[in-house]
Every structure is written in C-alpha cells, then in structure tokens.
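Below is one structure. I have some questions about it.
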C-alpha cells in the first residue's frame, strides 16, 4: 500500500528521532520552560526576525487554534473564517466549546478576503449581535491554495481598519513557504499577523507546533490559558527538542528541506495528472492536491493506494485528496501516475 | 409619534395588568411552582390538547431558546437554523456561550427545509465534525413568513429520519396561528415538535413565554437548567398570572384576539401599500411586514412614525419593518398609509 | 397562613404597581435604554453620589451576579467567596457555567475577611492554578449578618493590594442600609466597590436590580454581556419604571421606608424570641432571622406559618429562617410570638 | 544535580524509545484508531480482565480528567473531590472551563470517604443547587497515600447509593499497584470504577495515558468529546506504540517493573530519613514522599538536588516533596541521605 493519505501518517524525520533519543535521559523541568524549549523559541525568533514576541510550544494544531481564540476574545466576540477553515470544518466545535462563535463566510478558493470581512459586519448591529473581532486564515488553506503577499497585506490592513486581530494557522506553513508560487516570506507573514504558528506535526515532527504571539491582547498570561485548555504537556521539552532539530540552520534547516521535497512530489503528481487531462477541485501549489477522477478509477486505485475522497461524487466524478509528506518518494509518485494512466486509457467495465 | 417599531413597545393588555394588580398582595411560593403557574400550565395543556408534557414559564424568548438548546444537546452536538434565525442573528452568541455551534443554512423565505437539513449532513463526517442534532425554526420566521402544515410535517419527518430534535420558537406564535394563510393548528404544531413556546412578550404580556417540552431528552431536570442558565425568576408567579389572563378561554382568549387584531392591521397596511405599487422584502402574512420604500420617503416618515430600517439600502430603496401590536389601532394605520401615499405621489426634492 | 417564607412571596409595593399601570400604554424603545431606565439610573447616581459609573437594570440577582463575574474575569481567573455565598450556595453553578471557578472560604459569620482572601492565595501557585481575581461579598450576607464600614474598607484595601476586584451583592441592600447596627452608607459602599447592585426583587419590586459598575474592566461593552448571558429584557422599561417609583425621594424613598419597616418587624420577632430564651443560628440585625427551635414546635408552627428550615436538625433543635418583607405587619409578628410562647411553655407530647 | 523533582523530568524507558524508533516509518491512519492503539487497548483489557469496556489513548492526565468529567456530567451536575485533588489544585480551572463545579471536601489523608460524599449532599437542596453526580479520586493521591481495597469498595458502594459515577485518576497508578501496602488489584479497581486511567507520563512513557471507560454514560461518542476538547492527537499511534511497549507481558511488563523500582528507592529514602528522626507531611508508601526538614537544610540541599517545596514553612520547618522515577538509582538515594545526615548532625550557622 502506498500512502497519500496524509502528511502525518508516518513518524518523524530521522534527525528528530535522533534528537529525542540523544536527550532522552536528561532531566529537565517540565511544562515547556526547559532549555530546549527556550532554545527552540530562539531559533523561531531568528527565523522570523522578530525578538519582541512570545513563542509557545503547543501539542497540536487544534489546541493551538482554540487556545489562541479563547485567549483573544471576550465572551461576546467572534472569529470570522471561511466555512472550509479548519476551525469550522474539522475541530468538532472546539471554538464554540470555549463560548465563541465562528462567523463563516463562503471563501474564495478557500480564502478570506477584505470584502468577506466587510460582509461579516453587515450582519453586525449592536449588543444584539456578536462582535467580529478576529480573522482566522490558514496558509496554505484546507484546499491547498495559498495567499499572496498582497492578499495577506490587504487582509491585515482591513483588520486594522476594523479593529480586528489576524491569526494565521500554519499547520502546513512549510509547504506554503517553499512552494513555487509563494511570494510571502515567513518574516513578512509574522509581521502581518497578531499570532501564527509554524506547524510541526504535518512536516516531520512526531507532534508539536511553534506558536508565535506578537499581540499582548492574545499573549497576556498565555501559559494560564494553555493549562486551562488542558494543553500543557508535562514533558514539554519534547517539543523543544523536536523544533531544535527541525529549525537548526534556519532557512536551510530540514524543516524547509522536507517541505520542499513534499511540494516537488506533489507538483510531479499534479503535472502528471494534468498531462492526462485530469481536472482539479482546487488550484493547489502545495503538498495537497485534489484531482477529480472517475468513480471506477478511484475505486481501483484504492486497492494499492491510501488517500481520501474529499467531496461528494458528482456525475460519476470524485474529487480525491493526495498528500505528499517528508517520507514520500518519487517511486510512489511514478507508481500512482502509471496506474492512473492505464486506468484512464483502458475501458472500464 | 406613531409606533410601528415593535410589538413590545407598550406594556401589557389591560386584563393582564388587572390580573397582576388583583393578585399583587397574595403570598405564594417563589420560582414558578405556585398555583398560578400550575393553572397557567393547565390552560396551555388544554389549548394544545396534550397532557403528557412539561410546561415552564420562561422570562423571555432568548432565555427560552438558549436553555432548551443547552438542555437538549451534548457538548459536541449542534443546532441547525436559517442564518436569519433569531438564535443566530439576534442573541449575541448566547447559544455558543453554552458551548454549542449553530450550523447556519441560507434559508428559503427565512425558512428551513428538509433539503437544508440534509445539507447540514453533507458537512458532517465523524468525530472531527459537530453532530447536527436539533433543528430550530420559528413560526412565524424573523421575516414574518409562516410554515404551512405540510412544511412542518416534512421537517418533522426529516428530523425523525436524521435522529434530530425539532424545536419551534413561537415568539410571535399567536400571529402565525391567527393569520389567514395559516393551516397549522397549535395542536398539530405541538405534536410535530419536541419543544416549542407560546410567546407572551410580543403579544400582550409584560414579559413571559410558556415553554412546552414533550421530549424528556430536553425536559429532564429542566428546572435545574433554568436556574443554571440564570433564568429563574423569584416571583415566578408573575408569569403564571399573566398567562392565566392571556389564555383564559382558550381559542377565544385575549391571546388570540390580540394576535388577530395585530394581523388585521398589518394586513390593512400591506394591502394599502400594495395598492400604491410598493414592493415587499418578504411575503409576510403576519404582524410584521417589510415594505421597500425610497430613501427620501423613509426619512420623512421617520418624523412622525417609529419603525426600523431592516436591510441595507439598495439603489435608493430601503426595506423597512412595520410591526403592529395589540395596542395598535386603525387610525395609526390610516395615518401611515396617507403619509406614504402623499409622499409617493409628490415629487421629492 | 402567615408568611415569613421570603421577602419575595408577594407582588410589589402599591406605588410600584401604580407606576407600572400609569405608564402601561406608553410606547418606548426596548431593551432598557428608554427614558424610564435613564431616569432611574439618574436617581441611582444621585443616591450614591457618583456620576462616573454605569447603571444597568437587571432582571434578577443571579443574572446580575453571573453576568458581572463573566464580564470581569478572564477564563483562568476565579472569584473568591464565602461557601455560604449565594453564588456558590444557590445559583446551580451559574458562575461555573460561564467557565469560572468560585474559590470558597469557610466565612466568619457568613463574611469574607482580608485573612480569608490571603488564604485563597496560599492555594495559588502559577499557571497550574486559577488566579484569584475578584472577591464576592453580600451586604447583608445569606445569614443576615452585615459588614461594618471598617470591615468593607479592610476588604477593599486587601483587594487593591492583591489586584482584585470587589463586587458586592446587594439583593437585600436596603435591609442592611436601614438596620440599626449599620455604619456603612450606600455612598461609602459604592466607593469601596468595583461594582454592586441595589436589590429590588426582595424589597418591593416585582423584579429588577439596579447594577452599578464603576470599574471599566467590568463595564466595557456590558450590554453585550447582558444579552449574551440571555438577561436582556425586551420591555426593559419595566425595571426603569419600578426603580423610579422605588427611589424617588432618595433617602426618603419608599425603598428605604420598606426596608426599615421589614427590619423593625424582624427586630420585634428577634427580641420577642430572645425574651423567651430562644437561641439563634446567626446574629442577624436585618430582615432575615434564624431562631433555633425544638422540632415539635417547628412542626406545629408549620400549620399556621410559612417559613423555611434552614439547616439540619441537631439534637432535636432546628434552625429556621423567618423573613419579613414590605408587606409584613405587626399582627403577623405578634401572632407568631404568641404561638411560640405557648408552645415553648407547654409540655410537648 | 540529582533530580527528585518529578517522575516526568526524564524522557521514556529505553524500550519505549526503541518501539517508537522501530515503528517510525510505518504509515498508519491517524487519530488513535491504528493497529498499535488497537493492540494496546487489547493489552489493557487483558490486564484488567474486562473485555466490555472502551480504551482510549489520551495525551495527558489533565486532558483525560477534564474530558471524562465533561462527557459524564450534564450542565448542572458537579464532581466531588478532595480539595487537594489534582482537578482542583493543579488544572487551572479546566473542569470549570467545561461548565462544571468541583465540590471540594477537606479530605482525610488526601482521600475521599463515604462520609465526605454524604457531606456534599448536605449542601444539595434542589434545582437551586448543583447536583453531585461524580466522585473523583486518585490512586495514589496527590500526597502519595493510597486507598485500601475496603476504602474504594465503600466509596463505590456509596456512589451506587447516591446515583453517582466513580472516576479514578491513575496518573501514578503503577506506583500504587506495586507498593507494599497495596491490597487493591487493578482488576478490582477497574470493576469498582466507572472509568479510570493507567498513567504513562509519570511511569516511563514520553506521554500518554490509557483511559478505560466501563460506563456508557461516560463513554457514548467519547471520541467526539476527545476532539471537541482539543485532545485528539494526529499521530495517535505514538501512544499505542508506547503502551504496547509498557504493557507487553502484563503483570511482568516494564510498566510494573519501573513502578516497583521507583517505589523501592522511595522506600529507601523514607526509611533512611525516618532513621534520622525526620517527620513526614503524609504517610506515603508510593514514589512520592514528603519529609519535613529544617529551612537551612532545605536550602543547602538545593545546591545539589532538585526537588519541590510542597507546603508553606512553619516554625522553621519545610515540607518538601521527593519523587523517584524509573530512571532514579540507588546512588542518588544514598547521596541524598548522606547529605541530609551530615546536615542534621552538624550545627547550622
């Protein structure tokens, strides 16, 4: 079985495993204030070129999103997101569990826009309505698309105009940063947001995300929020150790190397499918692609490949999701393309 | 100033005031378990023709909605509603404040449909998504439209198929029940729902709604929920006394008389405006109507009439909301129509 | 049946009823921003001698307490109270329902002290513990005792030292202010607290409490909080009208007259019982007293009087609660005393 | 520096690390439903001798506690615990964050008793009070003491009588099960509880706890609860792999071997200190002990040993906590005892 199921189906990059093994017998203080976490935070600050911020090691993306939102908002304030956004589509009401509404907008290619932020205020009246106070975006989005520098600048500008906070979910940030279409550096992204995170789980860590908080409205007493939301890990140093391994070397670290690798394989998949005339559910330049294939092809592919059906079948065609990861290899891609090619060419039935 | 601002701009029907005055010096137990509340509950049960249900006197519509939803749902369960529904559009995130998501659907004439319920399940996957478990509708809707008997039957059927609860917000239920287009009796409505309420605040009470709960999944220990949600009134008998006055006589009670009166005046307003060629924002047969008038007309009307602009101006035309109440009278309607007629006929400038 | 069950077993003072009747047909805007509410707020501000504060008309005491606490605290912050305090003992977890802990202290005569506030900080460590941030006290307490001026000053001082907010529940504030032992004026109480309320429900209103907020940490966007907590009444003017009637005349208003009346009758009850050698559960100078009577006496009294057993029977003796109200009269008190006298003197058996 | 700071200051047992390394490149499905988690669950079921239960791999103890409580309780229901219990003393209001009260009782040697459960019901009245519905205990407690079989049986019996659920926090369950005083087997403990967990984090895992749920009131749709509470790990198999390594061999597994080792070293520490006349803050037979030492001794020990001051200094004496772990060794214990001996014998000054 060849896996294009997800970028978290394997364990960690060997260097991450080595770092965990070599530090295993060290004694440290718990809960993420040890030297490894401090050092990892330093690497993050160097990478984004900002000293004046807080860096917290978080166990996962959902805890990160929900804790940030719960920390930022007053009870009557809401966060605005595309309806496809992870906080709305795949977190089982975690945000609402902290008492806050997610105001959903339809999204354009999975993305928020200044106009959609304005639209959230059309529904706003006064104390009888929730107050839109934060914008949530992902870079890249749930459907693999990325925001251009100009797009994030425009959203950031609109947030300032509307007195809103901008939070960027970077579960697959490495993939966005290293894809060919990208023109938004991590330094710029950091400066345009009030908080964002650098995802580890989906790019070569066992688990862990490095959360950066620039705005003290979000960051004040944030460690209380982490613990209150039940997300503070006893052996917090595990995340510090992993991010040391991931980010050592900055732009030349394995973090970027792995993301670039996954992107290249996804691109090869995409180009191969395009050359066969396959259409796509979204225009993704990152490590998730969404080809639309005939039902019989999809069903046969499942015998040898693991992947997800992404959206309901329509007229016999099924959008699927293929995800490449740090551990994917060219042979796997070639095998997939070869199988599709044969199936598309052969009469089915 | 003539008021078409709301149906809660005045106090209570004189008979309600008399009942409050005549019982004022009685001593009773508190918190809504006194004889007046018990008697009012009996009147409600007779009216709906169902003995096997719980009736609770609630302070207002929002407390009623939110307490029912919080009582009915497990933390990961969600309620589905039209985006115009009161729980989404005018309750400042009260539902989310109890930890639950409102899944919004666009609505058809402000109404939910079986197809829209199915649509909520398209977004549902598994433990990564909230579980749609309740449907919220209002009779009439926020924009004055009403569900036909067949429509509520279809929704109720779909709810059973989907293992969902059906809750009906009856803030203006009297208006729906007494309007000419209505073919759904309160007895039928009661049998088709798991819970619903008979609104008092907007139909001649000082305050108070009579909540009917038929399904024990919602009703178990409901008085704990009322208190926990901070909605239990010390002098609970005030609501019992009012509903005694409102419902004495059943179908011939002042409750229905007042609603019919308000509807007739709204109809007169509507017909008058239609005869001048005015168009409407929604096809409402109830006591709220939504004519669309030119901006200069709207602005001049404001000098003598109180009403609300309902939706954003478009091409110089403004949808406004006119609401008639138990205290409205024919003279007020005639005056409004006369003013509009003159303004529409006269050149503005 | 003679009622010493509660001070909310009757309706409202006749002048309150008159005010409601005489304003009944007025049209006003809804939700508590009408002229009556504005005027009532003015009366409150004059009474407390503070212009720079917010006054909100609230439906009841529990909504008031919970909304204030939810508005004041961040998710990881807690409120400290005596374990007998209303928010802990009789609100069904309303505070916890908004996500906050109540840190309970044993209380001294039902009261908090600076030492008990310090004790709350002994349990405080760091981000692994909640942060005590508000002190809740009632004047008078649940067991009828009152704080002296010096005691509230000391608590207020300790709050400042500890960076805590002081909130005073005034459900029966009138009774405290008008009792003989009291040396704390409402003006002083107002200046020593960050927020407090003047209770109407238990002193001659149908319902309603006048909440005063001096500290913007609590008061910012408070109307959003009222609505989000489902406590905003459509016909909000009802509370304005009532407080106009209650407070017209300031120190000479019926508010103080009623409270003084209730206190005098409670004192007569207390003195009468003391003269028979009856002991008390607490030293209450206000309108609630807690005599301890033999079980057979208590059981016989129940045939003619309504009151509450307050604490578990011990050695055959039962602490009961007697509450006098604005509508209580001297004949009722005399009757009670006469009955107890006979029963205590006669052999029971 | 020698560490008696905590049993989570080091990484994982070498066999756990080996298991993680050897499975690192496997592709599996995410979120804890992979074969390793299934196999680990099987090992747990064999160990406790119960097939009919759910086993969930949880990231940590606090997420486990809070998710269980939030799943089990209705909004107005509360959990009863000793005030020293972890959910009250060290989880920053996580439980209250889900809307539930923790009713605290003073505890006897850190333990709950049937009488203390009854005491919680003295405060219970009706819908004005929270409803005690679950008892939380830890085996061992926060201060190292353990419940005897008879004690847990009595609590379990009382829970049945009171219609309450019994949940046992087993963060250090291994230490309780393997200590000399213990007479309660894991099989018996499992049968006496509605849910409990076998702690990994504090006994040789990197992280992870194996939660066992026997009562469907808690267990229904529990995976929705895990995700909604933001505790579902993408690479969930990491916990399965660890518990496979920890529990392989059942009673002879490294899980019990490590716990026994830690206990033996703690006992050696305790006996050594007892022989010097040192008194203890609690009678702990497990891997946490709490000697009370003079302030100057404590301060000097800090130069070479890491440990925690546990309770406030009193008359110059300080209760400290010493914790041994799977990685502690006899030399460390001997060194500590030697240092204390010298200091206690020598004049300080």
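For this structure, a couple of remarks:
Residue numbering begins at 1 within each chain, and the chains themselves are lettered A, B, C and D in the order written.
We adopt the following convention: a residue touches a chain if its C-beta (ideal position, glycine included) is under 8 Å from a C-beta of that chain, and two chains touch if they have at least 3 such contacts.
Small disclaimer: the values here were computed from a predicted structure and weren't measured.
For the pair chain C and chain D, chains touching both partners: A, B.
Comparing contact pairs by residue number, the interface of C-D is reproduced by A-B among B-C, B-D or A-B, since over half of the pairs coincide. In terms of their C-alpha centroids, the spacing between chain A and chain D amounts to 34 Å. With each centre defined as the average position of its C-alpha atoms, the distance from chain A to chain B rounds to 42 Å. Chain A and chain C have Cα centroids lying 51 Å from one another. Across the assembly, chain D contributes residues 75-76, 91-93, 97-99, 127-128, 130, 224, 227-228, 232 that each touch 2 or more other chains.
Of all residues in chain D, only 31, 70-71, 74-76, 98-99, 127-128, 130-131, 221, 223-228, 232 touch chain B in the complex they form. Across the complex, chain C meets chain D through its residues 75-76, 78, 89-93, 96-102, 104, 122-123, 125, 127-130, 312. Residue ranges of chain A in contact with chain D, taken from their complex: 1, 3, 5-6, 8-12, 14, 17, 20-21, 23-30, 59-63, 66-67, 91-94, 97-98, 201-202, 206-207, 224, 227-235, 238, 306, 327.
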